Amino acid sequence: MIELQDVTHDYGGGALFENVTASLDPGSFHFLTGPSGAGKSTFLKLCYGELRPSRGSVAVGGSDLRAMSRDELAAMRGTIGVVHQDCQFLDHLDVRANVGLPLHATARPVADRDIEDLLSWVGLNAQADALPPTLSGGERQRAALARAVITAPRLLLADEPTGNLDWDMSQRLLSLMIELNRMGTTILIATHDMNLIRTAKSQVSSRVLRIAGRRLQSAGADL
Amino acid sequence: MSAISDRVVPSSGHSGWLVWIGAASMSFLAVFALALAVSAARLADTWSAALAQSATIRISAPPAELEGQTEAVLEVLRTTPGIRDARVMTVEEQGQLLSVWLGPDLPLDALPLPRMIEVWETADGPDRQGLRLRLSAEAPGAIYDDHTQWRRPLISAATRLRGLSVLALLLIGGVTGVIIALAASAAMASNAQVIHVLRLVGARDRFIARAFVRRMTRRAALGAAIGTALGMLAVAGLPAFGPEATSGLGFQGLSWLAPLCVPVLIAGVALLAAAATALKVLRGVT
Amino acid sequence: MSAISDRVVPSSGHSGWLVWIGAASMSFLAVFALALAVSAARLADTWSAALAQSATIRISAPPAELEGQTEAVLEVLRTTPGIRDARVMTVEEQGQLLSVWLGPDLPLDALPLPRMIEVWETADGPDRQGLRLRLSAEAPGAIYDDHTQWRRPLISAATRLRGLSVLALLLIGGVTGVIIALAASAAMASNAQVIHVLRLVGARDRFIARAFVRRMTRRAALGAAIGTALGMLAVAGLPAFGPEATSGLGFQGLSWLAPLCVPVLIAGVALLAAAATALKVLRGVT
Amino acid sequence: MIELQDVTHDYGGGALFENVTASLDPGSFHFLTGPSGAGKSTFLKLCYGELRPSRGSVAVGGSDLRAMSRDELAAMRGTIGVVHQDCQFLDHLDVRANVGLPLHATARPVADRDIEDLLSWVGLNAQADALPPTLSGGERQRAALARAVITAPRLLLADEPTGNLDWDMSQRLLSLMIELNRMGTTILIATHDMNLIRTAKSQVSSRVLRIAGRRLQSAGADL
């Protein structure tokens, strides 16, 4: 589903990682970890095309991102789900409309039932009509995850989706993602929460990638 | 669904509001400048008509030839393009003109009064050089006096006024365009986050640009319509300066239709500015 | 330290840029309107001087009394407030005037020519009713003719022009104020987050307002200075419409100082607008 | 240091908590926990005066916030440190200027040495000249903590200060706060990270408050 070939990225102050090669199979479940500032968010941004690598190539679903036109990139994004670390919303639309946004923006049919079901799963029924700026930190993260999965994406990229959530709610979101994975979605979660990784490993077969010292390593079962 | 794709651009927000206000105040000014230009043109026409298009022909000749030369002059005038009308003054009219200089108790009969012909030119006027040549051939005693000397500063003043108003109109038009374009681009730039989010959820450039351009144009058109309406009200409410109804500032008759073009033009400018800015901003976002 | 307290408000950003552009374009327009007003006033003055402030007194009397009445009239004129100068016309001058109507070969000696006195009034002019009464008492043959009839439309046109330009100037001034205030308030509002952060770290209202007002005023003043300079260049580069140097559009001599007030006024408006907006916005933030 | 008397807060959709009375002694170390959306951030906002309670009174350092003028409120904020959940910065100033902002904004002397020391403690020397929008999620949180403590405040309120940080960095920030507490600063940390609370409890005597079901309870040693 995601193929990185010899990718090097550099924001201008020295390479963040060098000659990274990785391949995530369709239907796989990966965690991405590493110290703060190692480049986890950067890695995800490369995968959905917000950034272009300084060198090397990134392919999603078999198509090289460099060869895509702007419209093809948009179409590709319509088939994947992304949870950003800073959960950006349209602040003037309520939570329900924000969750449905990927469907509205690509002119796909919107099933109100699905949105309500998803909102109740992440515990936001009461906030469906609220505007994003009035949400609590954890509510924003739950709304961001709901928006990412509303399209039943073939690939889900989530950047610290549980950073502001208590343990119970984290578990709940994790089980939602595991459920999606069982239905075929490829999943990549950047997180520093070892408990979350451990819990997931007990429920689904997953691999852990670790960025540190400019390299991407595959952590074994040991962590 | 279409409801939300219309709403993806925030409806309030200060920069959107600036488009509105910019369009309104500039169309207010534009209506005003238009009124000035229209009135200046009318004023210049009136003056030109009143001052420029009349002339006098004086025929000094021995009494025996006077009648013949007068006939000849009238004939020449009839066949000269650029002459609207001509009329021989009566002796009483001449006396009235002279009384300014000579007093009322003028011995008119005792004077060797020349014959005077009043001439009205068309807007373009005749070829004066040619007319003078023909007159001196047909009626050696005739002198064509088109009052050139004293009318010149007034004509040039009227022309200048008309030119100035048109210049002001062009200037205001230009500044309007610049302000609307800037406001549209500021509105666009201040919605950078909206654009970013929309791109991230898979919206194509066309979808985003359409949402922006539609909202921006609507806002500019509404602002311009209100500004124009206020401007027309203000022009209609202006006090008349002169006693004559036709010489006041403002529109008259059909010229009231002219300011109605203002909102259309401004909406057009806003549409172009918004579309150009949208495409420029979008190119910078991945 | 002072470096950072100056920099707490972002120096770029679209709405700050709008203050700049708004100030520049409105002062450009203001300079233009000012030029129009100054030229209109000068034009009106010229016309008034040329047309309104001259009059003629014609004295028709038996030859024996003529000299005496002329002396009496001149004496009356000397003691009348509102009369700048008076002069008796020579016979040749009268002949020149009459030749328009009577032809050049005029038997001047044979005519009972009245005496003509040319009179220049001051700007305010004399009390004409009173002057006529005194003249008819002192010199029954004198008739005061102030050309009222034909000068009236020109005077009213000149007045109208002057009024219009002042109106345009006021209008542009008003719109300028509104635009600058709006741009300042938009700039302020778009920096809501900056204000919020500053309040959260313990900055007092005075500190925040000062930073904003200073930056906003500086920006508006700079924009206005550039707009004014461009406007003055544009006015200086205007083609002269008439042949006479003094009647062209634009500033002359000391009136070139007038547009220099524009940036000062605009900076003042921006200062007030920014201060008012800052206090209003700050009251809404805890 | 903080006294809440019968505080009720309501955003308009029903009371978030009712008749809360609490008192935090000077020099004490408290954690505030509770499920996502329970009102932890709201509680902190009441303490530093960003919100006013619907009913009841809040006092900081003995002065009732309701009785304070705007300038007194600003002066009070100059003596406390706050880490916001969404870490707001002035995006046009670099990290160093942002960390020094509480001093600049209140016209207090700025010791460049102190700022550099603090930045290196939170591991941000390399980012001192970077602009906040280019920071990673964890780097933002570290910068926010540095800004909160630069004034050596008598009270530190921190809202999820380690939500985006890996375990090592969380420990490092915790030890910084414990150090401050030893020097007399009263500390209140809102967090959902039970490991962090457990680690702290082993190093410093601290109490845990818990918001749930509109009430504020004191959790015992058991958690």
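Details
Should a chain be cited, it is by its letter among A, B, C and D, assigned in written order, with residues numbered from 1 in that chain.
As a working rule, a contact is a pair of C-beta atoms (placed from the backbone, for glycine too) under 8 Å apart; a residue touches a chain by one contact, two chains touch by 3 or more.
Computed from a predicted structure; not experimentally measured.
Taking the definition of touch as given, a chain qualifies here only if it contacts subunit B and subunit C alike; none does. Contact with subunit A and subunit D alike is made by no chain in this entry. When you average the Cα atoms of each chain and compare centres, the chain farthest from subunit C turns out to be A. For this pair, subunit A with subunit B, the centres built from the Cα atoms lie 64 Å apart. Here the CA centre of subunit B is 68 Å from the CA centre of subunit D. Chain contact topology: the protein chains form a single closed ring, every chain touching exactly two others. Every pair of chains meeting the contact definition is listed here: A-B, A-D, B-C, C-D.
In the complex of the two chains, the subunit C residues touching subunit B come out as 14-15, 17-18, 21-22, 25, 28-29, 32-33, 36, 43, 47, 50, 56, 58, 60, 94, 97-98, 100-105, 107, 111-114, 116, 143, 145, 153-154, 156-157, 159-161, 163-164, 167-168, 171-172, 175, 178-179, 182-183, 185-186, 189-190, 238, 241-244, 247-249. Interface residues of subunit C, counted against subunit D in their complex, comprise 1, 4-5, 7-8, 10-12, 193-194, 196-207, 282, 286. Residues of subunit D that touch subunit C in their complex: 48-52, 70-71, 73-79, 82, 84, 88-93, 97, 100-102, 104-107, 109-110, 147.
Taken together, the subunit A residues at the contact with subunit D in this complex read 11, 13, 33-37, 40-41, 85-86, 123, 126-127, 134, 136-139, 142, 159-160, 163-169, 192, 194-195.
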